[in-house]
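Single-structure report; data block below.
Chain lettering (A, B, C and D) follows the sequence in which the chains are written, and residue indices restart at 1 in each chain.
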Amino acid sequence: AADNGEYAIWLGDDSLILAQRLAWWISRAPEMEEDIALGNIGLDLLGHARSFMTYGGKSIGKTEDDLAYWREEDEFRSVHLVEVPGQDFGLTIARQLFFSVYLELLYTRLLNSTDATIAAISAKALKEVEYHVDHATQWMLRLGGGTEESVRRIQHSLEVMWPYAHELFVDEPLHERLAATGVAVLPSSLKEDWDQRVTAVIEESGLGMPVAKDALCRGRVGEHTEHLGYLLAEMQVLARKFPGATW
Amino acid sequence: AADNGEYAIWLGDDSLILAQRLAWWISRAPEMEEDIALGNIGLDLLGHARSFMTYGGKSIGKTEDDLAYWREEDEFRSVHLVEVPGQDFGLTIARQLFFSVYLELLYTRLLNSTDATIAAISAKALKEVEYHVDHATQWMLRLGGGTEESVRRIQHSLEVMWPYAHELFVDEPLHERLAATGVAVLPSSLKEDWDQRVTAVIEESGLGMPVAKDALCRGRVGEHTEHLGYLLAEMQVLARKFPGATW
Amino acid sequence: DEGRAAFDALIAADGRIEPRDWMPEDYRKTLIRQVSQHAHSEIIGMQPEANWITRAPSLKRKAILMAKVQDEAGHGLYLYSAAETLGATRDEMVEALIEGKAKYSSIFNYPTRSWADVGAIGWLVDGAAIANQVPLCRASYAPYGRAMVRICKEESFHQRQGFEILLTLANGTPEQKAMAQDAVNRFYAPALMMFGPPDDASPNSKQSMAWHIKRFSNDDLRQRFVGMIVEQVKVLGLTLPDPELRYDEETKQWIHKELDWVEFMDVIKGKGPCNAQRLERRRVAHEDGAWVREAAAEYARKQQLKLAEASGKAA
Amino acid sequence: DEGRAAFDALIAADGRIEPRDWMPEDYRKTLIRQVSQHAHSEIIGMQPEANWITRAPSLKRKAILMAKVQDEAGHGLYLYSAAETLGATRDEMVEALIEGKAKYSSIFNYPTRSWADVGAIGWLVDGAAIANQVPLCRASYAPYGRAMVRICKEESFHQRQGFEILLTLANGTPEQKAMAQDAVNRFYAPALMMFGPPDDASPNSKQSMAWHIKRFSNDDLRQRFVGMIVEQVKVLGLTLPDPELRYDEETKQWIHKELDWVEFMDVIKGKGPCNAQRLERRRVAHEDGAWVREAAAEYARKQQLKLAEASGKAA
């Protein structure tokens, strides 16, 4: 059960950090409709993170806020992909494509998790993530089928985000233990479907598959990008000024 | 003497915050020479801030680091001009012009301060600030006399920074008390010279005087821009994790 | 003529004007100005609150705040749509905003200095907005009224959330309570000024009331609002920064302190602490997003072409 | 021919080649590659340390770090200049860097995860750089040697500062000491790999040594460095993450743990944790700064024209 909780926290960390990144867009998006759309996606992810963290924290006597605000950088388990700033619409769409397709495949498989809570949270999240995939796909088509500049920019964005995508599919010992009991999914087992789905979208958008090399990423063992420290400093600053306070 | 110390802290705050802003440019400037130049200016300002804060802190039993790392946002006394991010070369140059000319006029007058320490720090700082003025002036000429795009951008930058410039010349009660004893300079008394100097540079650069309206700024009473909180969260995060530690 | 007669009759009968109906040019212009200003206020109004999303002190508050700021974008969109039914285009309106030619509620030119400001904005600013907007649900121009109905429902939800933030702070640590009181101190007067200048200094109000756009005078609305918050502040256990505040039994009026209309006019004219910042943020977002909008437009054009070709072939 | 004979004679006499001297094309190419890679390393090497400037835990450390990172920019500039004396242009070299065609020291593709990393970089990375560079002060190509003299002086200053950071941490709170040890643990092996592959896997070294560019083999330099840090780490009160480390009295060699040359080659090939990030940061800075460089060039052109006109009139 401690393993199950730990796994839930891993799932929560990815979504929490990406939600924080997407929140940046609210009041800064290229169209007001996108302020809403990106905000909604962020809000969905924040919701998933809260569910996973509430569940994951239970076994160790911690609340979602304990986990979000009072862990140090090396205690987070997020992948590098969600930590990169991405303060450019192309970068954000490229990341959303990579991450949302992964999440859809993951949650679809987690519907059958032998951990009923993880299965239930995944089921609820899955409906929302399907919309996220659609949103990213639609934008890929538009940017890939848009102007010369948009083609150049989204192609470059795919390259910039690509080095971090492979980390989503790295099997850690925790995954292996939990896959054996049917609680978790082996990330590596999602890779083939993911490749196919992502390739299809990139091709349909008239773009080329990225050629950038995979970066050495070890977010799952607490070794993060240089970006995460800044994100946490900002996210945690207020909560940490008032230890024990209620909000 | 408490007043003198407080005044020194005010002087330090402006320079510290601007040094923090300029530090951002190191490894991000348009030319490597500018990584060095902007870094140097930041380093000079940081040096001035340290001298002023060390002196200002003495009367209240605080070190420069106590003041920099352990004050809350509303205890800082910086002007809004130095708080604005300015992560664009045009914005940075416009601000440097406004601020450096002000500092040069201020420190020139403070050479005659009846507070010997303030006079001495100003004397040392003045030589460096003269270079800062020259640096900003040279770039104003180049950007104003450069391409169509650079003209558009630097003109816009002047407009964006202009609303905050007037706060440099607001007399607060502290200034009035200290001007009476010859310790401080009434900021308002620098305005005419500043207008003339800045106007001359803008005109020589072939640009127009900004028409943007003055913003209501009350940094000197601790009411800051929305930007300062983010800057402090980042600047103070590490020091605050280790209360009492030595570095 | 016929159109005007029908219009006058409809107004007299407290009826609703629809976009296809004839309407006087002044009525149209007044509405475009008012509705677009209202839309701009929603869009610019996102910024002071968005300022605390990434730093919200609990995940629950972060989620509520994200949803709220998003709602404001939604309100902006309804209102731009309502203005479009009057013949204005969104591009024009957005352009006017970015160029500093259009107005928006001056309250959003004040910074949010602390988390408690998010509560104060919800309680006082949304509260004042609701007091202003509830009567607008019956505005004679139907699309505006309909947008208002939808918006008011969400706003009252936001107001409750803001109140709850302050209530939690007021019952928290002494620092939290001080933070809440400080926010109320700073937003009280600007919120009262949201209803506009006193009636004797508000020349346009009369015509708007005759047209049944406005239903109550600025001072009347301000009175209602003061009456409301006077009660609510007691529940919060905080005080309003107005020692002169009292109810005059004779005139049945709330007497409040003199408001600083000079500052109000200054802020409207662009001299607020954040006017420049708010517009620059909007401008940068618009400029940085240009390539995305152009791509979307170009993609749509190509899709149209393909469809046309396909139907040409099919024919 | 005559040029080659003079060159060979100079090399044989351990003399110095100046830019105007004849030199073999391979020598020139080898030097351009080496000097420009070295320049790129200085420029990219600014990033991991710049990462801690805004968060430095004391103002004194902030000032020292700013000055250090600036020095690196300065080193980059000397070195680009040295490479330019060989006929390369800075634009070309910078372009090659941004396009990912040029190499730089792979150590800078590791992130700085904590403040202690700034210390570890100073002590270990600058330490290794010095061990590498001191012999380069006598490189046969004179401008390179001169640049190295200047750089080495500053680097040894930097190394002392890094050592001092670690020393302070190691004598600080238990958390600070742990932070220092963790940084040393992470930078030890990459620092050892900075000297390049073992001699038997380093085919280019021989020619470089024959040309008196390189003076010692990779393994020799690594030995010296290990010998040095083994002593220094005792002063720090920290340990090196290498339980196998020992001095073999027979061979007079330090035996250290097997280094992960697969990871080393991966990182060189672009697969390090930060390769993509480092290049993207440089690319964005370059692209965002294009308008500034163009303006400066255009201004200079106009000034030239004015001067020419003025002198024309005067004539």
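To be clear about the criterion, contacts are C-beta pairs under 8 Å (C-beta built on N, C-alpha and C of every residue); 3 or more make two chains touch, one makes a residue touch a chain.
What you are looking at is a predicted structure, and each value in this text was computed from that prediction instead of being measured.
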Distance between the centres, which are taken as Cα means, of subunit C and subunit A, whole angstrom: 34
Interchain centroid distance [CA atoms averaged], subunit C/subunit D, Å: 57
Junction residues of subunit D - those touching two or more other chains: 55
For subunit B, residues that touch 2 or more chains besides their own: 229, 233-234, 237
Contact graph of the chains (line, ring, star, complete, other): other
Chain pairs in mutual contact under the definition given at the outset: A-B, A-C, A-D, B-C, B-D
Parts of subunit A lying in touch with subunit C, wherever the complex brings them together: 16, 20, 23-24, 26-36, 39-40, 42-43, 46-47, 49-50, 53, 64-65, 68-69, 88-89, 141-143, 145-147, 149-150, 153, 234-235, 237-239, 242, 245-247
Complex contacts: residues of subunit C adjacent to subunit B: 48, 51, 55, 111-113, 263, 266-267, 269-277, 280
In the complex, subunit B residues that touch subunit A: 229-230, 233-234, 237
Contact set on subunit C toward subunit A in their complex: 43, 46-47, 50, 53-63, 66-67, 69-70, 73-74, 76-77, 80, 115, 165, 168-169, 172-173, 175-176, 281, 284-285, 288-296, 298-299, 302
Residues of subunit B touching subunit C in the complex: 73-74, 80, 84, 160, 163-164, 212-218, 223-226, 229, 233
